[in-house]
Amino acid sequence: MSGNTLGTLFTVTTAGESHGPGLMAIVDGCPPGIALSAEDLQADLDRRKPGTSRHTTQRQEADQVEILSGVFEGVTTGCPIGLLIRNTDQKSKDYSAIKDQFRPAHADYTYHHKYGVRDYRGGGRSSARETAMRVAAGAIARKVLAAQGIQVRGYMSQLGPLNIEFKQWQSVSENAFFCPDPDRVAELEAYMDQLRRDQDSVGAKITVVAEGVPPGLGEPVFDRLDAELAYALMSINAVKGVEIGDGFASVAQRGTEHRDEMTPDGFLSNHAGGVLGGISSGQPLIAHLALKPTSSITTPGRSIDRFGQPVDIITKGRHDPCVGIRATPIAEAMMALVLVDHLMRHRAQNADVRVTTPVLGQL
Amino acid sequence: MSGNTLGTLFTVTTAGESHGPGLMAIVDGCPPGIALSAEDLQADLDRRKPGTSRHTTQRQEADQVEILSGVFEGVTTGCPIGLLIRNTDQKSKDYSAIKDQFRPAHADYTYHHKYGVRDYRGGGRSSARETAMRVAAGAIARKVLAAQGIQVRGYMSQLGPLNIEFKQWQSVSENAFFCPDPDRVAELEAYMDQLRRDQDSVGAKITVVAEGVPPGLGEPVFDRLDAELAYALMSINAVKGVEIGDGFASVAQRGTEHRDEMTPDGFLSNHAGGVLGGISSGQPLIAHLALKPTSSITTPGRSIDRFGQPVDIITKGRHDPCVGIRATPIAEAMMALVLVDHLMRHRAQNADVRVTTPVLGQL
Amino acid sequence: MSGNTLGTLFTVTTAGESHGPGLMAIVDGCPPGIALSAEDLQADLDRRKPGTSRHTTQRQEADQVEILSGVFEGVTTGCPIGLLIRNTDQKSKDYSAIKDQFRPAHADYTYHHKYGVRDYRGGGRSSARETAMRVAAGAIARKVLAAQGIQVRGYMSQLGPLNIEFKQWQSVSENAFFCPDPDRVAELEAYMDQLRRDQDSVGAKITVVAEGVPPGLGEPVFDRLDAELAYALMSINAVKGVEIGDGFASVAQRGTEHRDEMTPDGFLSNHAGGVLGGISSGQPLIAHLALKPTSSITTPGRSIDRFGQPVDIITKGRHDPCVGIRATPIAEAMMALVLVDHLMRHRAQNADVRVTTPVLGQL
Amino acid sequence: MSGNTLGTLFTVTTAGESHGPGLMAIVDGCPPGIALSAEDLQADLDRRKPGTSRHTTQRQEADQVEILSGVFEGVTTGCPIGLLIRNTDQKSKDYSAIKDQFRPAHADYTYHHKYGVRDYRGGGRSSARETAMRVAAGAIARKVLAAQGIQVRGYMSQLGPLNIEFKQWQSVSENAFFCPDPDRVAELEAYMDQLRRDQDSVGAKITVVAEGVPPGLGEPVFDRLDAELAYALMSINAVKGVEIGDGFASVAQRGTEHRDEMTPDGFLSNHAGGVLGGISSGQPLIAHLALKPTSSITTPGRSIDRFGQPVDIITKGRHDPCVGIRATPIAEAMMALVLVDHLMRHRAQNADVRVTTPVLGQL
């Protein structure tokens, strides 16, 4: 399959560049009979939208999505769902200066070597603008999951050097950082303000959790649930690491500590993050992702142009000083898409399986 | 696609359980004209083989591989390559006691809920025994890569709490731990001996590096090289985390620190780990993976049986006290498989691309 | 993969219903550097367009295509190409009468049983309107093929009971029937006029030929070139049969007659239709397809409604009395799409193959 | 995906050459809990086996299949099923004479140009020997279908110029031709005897029928049930044409004749062959396939060698004078494999669909 399609049964194919006419997606394989409207998608798109706080890019995009097919009389028909978002605020003249230059840590150099030609306006296809369609498609997946009692939510768990402990879900929707601790928001704001004064950027860590996941999802030995999650999350721009459950902390753990013991009342811990042998255990599915600092910063950097000559680059334009700030809805969308796909794959093979062993309570 | 096939163009499909008659793999899409013999595969298989040191399981398996097709007169024909390894040391009576029980941190509980039936002998399909075929297929991939000047190597970078800094490649092949620092081997041995006395297990971190990778590999926006690597590495038994380049350390880095600047003489650093925008940059491709501690330990643990009743479980049998010790050849195999697949995908689309910009020297 | 994506490397994903807001396609995997504009696609779209002669449906659709992505400064970038056609002449009130009825020989009954819900306006997704996007995508494929010296052309070889022998390519573009014999056109027109008076419809046979195909395309044992052609052509609305080369006539042939002998000057015949063992031979690739008579006719027919009650149905509206008349550009598009995909698949695996045996001249 | 894998959810990957050590297949995605033994597969393999009558090749192959994985305690586990058949009667010296020559109508010339190297012994991978694994895999599919009340059966409907009308299923299993009319068998035998004296070969037509298929199978607009059937049947060696229902006869039919009217008691005809709009209608699924005459005949033919020089070729060895004679079990297997895959795909998306409209009785 080509690289712009995600999924096996519930597939998402996207197209569109940062400064082209618009973004498209085709979501194929959605079960019929699900109530769906453009407003359902818009709610999630608005959470990702640029320009909503002073800590993100000031590019103004309505990100208004149109459903072109696959929905009739308010419900999905089982036919492919076509989505369209027109780009409105394109300002392509900002970018002509870097037409022949490769911005450090961007995809300019690699796209150039791969394809020979490159839409240099705003990063073209490699821009995070592409993730709008992931969020729109993810919103459809979330509606399918909701009908099965599955909920996917995320939050920022680290901003640069600042660790953020999870306190409550309510806080997440009440600040620009998706921060789960209302008492830390002021500190994050101060940190970001200083960062802007420093003309620098910083990374972030996002945590995503799915609750209500039934045991049984995942297709070993390759298409394990954790492997497909790692793929989907690592495919988000700027992501450099993915953990399931305790992740890299597992390295220093002992078996007696890491193993999640079971009793008739449920699991006693969730170091595994809800996956055993690549298959969901029924516990909350937990993933963490690391996002690198934004590459577009106004502090000059050394690079070369396409003739091999050295250049000094200052990336002007309107950029997020921390791409991680808007990454939470994207990460949620990716986890939701993986879960729907695996629900369907599991059901295809095992619909006739009857298990009498009780499902353990979630922890 | 079903879950036991890896890759898009260079595909590996595997089958086989821990205590069944044997393991099979079909490697499809291999370029023709590559010199290949069973001995080529055996060399890598022997590096993964159990029972070669006192720090790994004492199960004795010859892991002797037979090539059943796709090779004629010593070279690949372009037709699918069939591989067969017979299981010899199966000792299935060791496992009958746990027929109705779910070992904590194993896949017993999840396979039971997914499929309703379960080959309980030695973990069945969820056993790490399955990885033998990954190594055999990876050895074919490595031969294809070698013809393109690409080399994939790995080493242990952490054993439990012990960090291991990279010193030299030669050391890796000279000790049972794939440890890249000869001065640390004695310490690792002492640690493992103590662990066995504690009847416990521990995790490990593995680092894999590919050198000679040309710029241009990876198919954004979903099938990025880093995303597919994350998928392939996370699909290895016991892996809980994957990092590309600086990984989770990127979170606390600033943009001025993380971005790899370029000069006509080459990149000045490699925080990115050889991937920009999901496409290889020509720098060494670097990934780290976290393996959890072995789940099979002789210290009793609480669990339930398939009737929902509480049980105490001691996992007897012959187990690796640290599954990470034998994971290096497996991780190398997975990286090699991803690279070959992406070499072919890249070539399919971009064979006619001519770029005059010089490729920067590797760092 | 979901059902609305075609191809392995050069993929086409489509969406859109007959009377929805519009049609979409995403063409992924196209090589970069190909000159491409909306006009290139429009030329082929106009050949398929309804309402261009009195022998086809009088629905008026501009079928104006917009390229939303993947093309920059006049050439393809290697990124997915997004296509959009707005529906303009929808007249959905024509169809409300059959909301609860199943028209005989249409997909109403089967869509209803498959999905439970159904966009009944003009056949919804099952309408041949969907094929507009096949033609647009096919036009991109044809540009890629042209750069390799490959040309795909088709013609009508039978209209109802009237066999049409091939005379010349020029004639094909000069009449509404894609008839390759200018002396037969008047007869076809008279036949169609009588058919309209009879309030009936009729089938057709289309022949498609690709010239300039190099030997080597096709991926046995399943993804043979002929098998993938059969799939692609049979996926066109109303197609009931596909032949490669002599097709069903081969049944009564003897081996001495059917086998295409070779001399240093070339093949002596082409009964095989350009495929041997599922791989192109370098001869012209020849396929025939049978289209059934249009199901929408004004002569009443017996059927049931969704409550299981008997009804008499007259299909009003604007329909092609022979769907085969407009099928030639669609069949050409499908053959072109299969060929591009296989060119890329072949190149991926066998780019390094060097064969000194001369390629035989085409017949 | 690579070319040796069939299916989306119920996948079959095969490997093996005519004169190599053996044949392999991995069947992935099979539902768990299906009773399965090697004997189940053997029954179908024996129907395809060479050497069972004087009208087929005299090569002696036990075709004894071994199940290496995926079955435990007599039932499928949901894990991949590994199959192995060792080649026993290889006689490779028969073939060395044609090492550098291209037999007319064989795949020699095309494999040579595609891969550069070629296993010339008995046609290597392009030999019909490969179909043994299709039959074995198909037998698994048939067991899955049987549990759903679906039965797939086929028969010879034409031998060379001799049309054979269907009379009864019982006859099919009682003669070497799969002839459904006991009164025609003597005629077929006489025809074949004369053919052998003529040192020639002939084609055949096979008809395959599935009964008990529920409405709803098929994934438009590309992965229609008829399109996937066309692909699967055309992928069988020597097949040159595929028809669904009335096939090419539809061309000359009128709409009033072709359309299958419906009454509350059921469909009144089945010209469509059980598929409407690419989705099964609940009527019997009917396909016809045309097989060309065997290419291996002892009458000399003109060809070239790999140096481009003219040669005269006589194909010695043990060959079927009509490859169609043994094709019935293969065609049944392919139809069964397509049906199982589509049952699973349909179920994945539409498991929650509830339709109250009665399913019409089969005709």
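Think of it as A, B, C and D in the order they're written, each chain with its own count starting at 1.
We take it that contacts are C-beta pairs under 8 Å (C-beta built on N, C-alpha and C of every residue); 3 or more make two chains touch, one makes a residue touch a chain.
In this text the structure is predicted, and so the values were computed from the model without any measurement.
J.: Using C-alpha centres only, name the chain that sits farthest from chain D.
T.: A
J.: With contacts counted as defined, which of the two, A-B or B-D, has more C-beta pairs across the interface?
T.: Of A-B and B-D, more C-beta pairs in contact link A-B.
J.: How many angstrom lie between the CA centroids of chain A and chain D, rounded to a whole number?
T.: Roughly 45 Å, centre to centre.
J.: Averaging over Cα atoms per chain, report the distance between chain B and chain D in Å.
T.: The answer is 38 Å.
J.: What whole-number Å value describes the gap between the mean CA coordinates of chain A and chain B?
T.: Centre-to-centre distance between chain A and chain B: 26 Å.
J.: For chain B, give me the residues that contact two or more of the other chains.
T.: 1-5, 8-9, 14, 29, 32-33, 78, 114-116, 125, 345, 350, 353
J.: If we count contacts the way the header does, which residues on chain D are in touch with chain B in the complex?
T.: Residues 1-5, 7-11, 13-17, 20-24, 26, 28-29, 32-33, 66, 68-70, 72-73, 75-82, 84, 114-119, 124-125 of chain D touch chain B in their complex.
J.: Would you mind writing out the residues of chain D in touch with chain A in their complex?
T.: 8-9, 29-33, 78, 344-345, 347-353
J.: State the interface residues of chain B toward chain A in the complex, per the touch definition above.
T.: Its residues touching chain A are 1-6, 8, 14, 102, 104-107, 109-116, 125-126, 130, 158, 160-161, 195, 198, 200-205, 215-224, 226-235, 237, 239-248, 250-264, 268, 271-273, 275-282, 290-295, 297, 299, 301-304, 306-310, 324, 345-346, 350, 353-355, 357-360.
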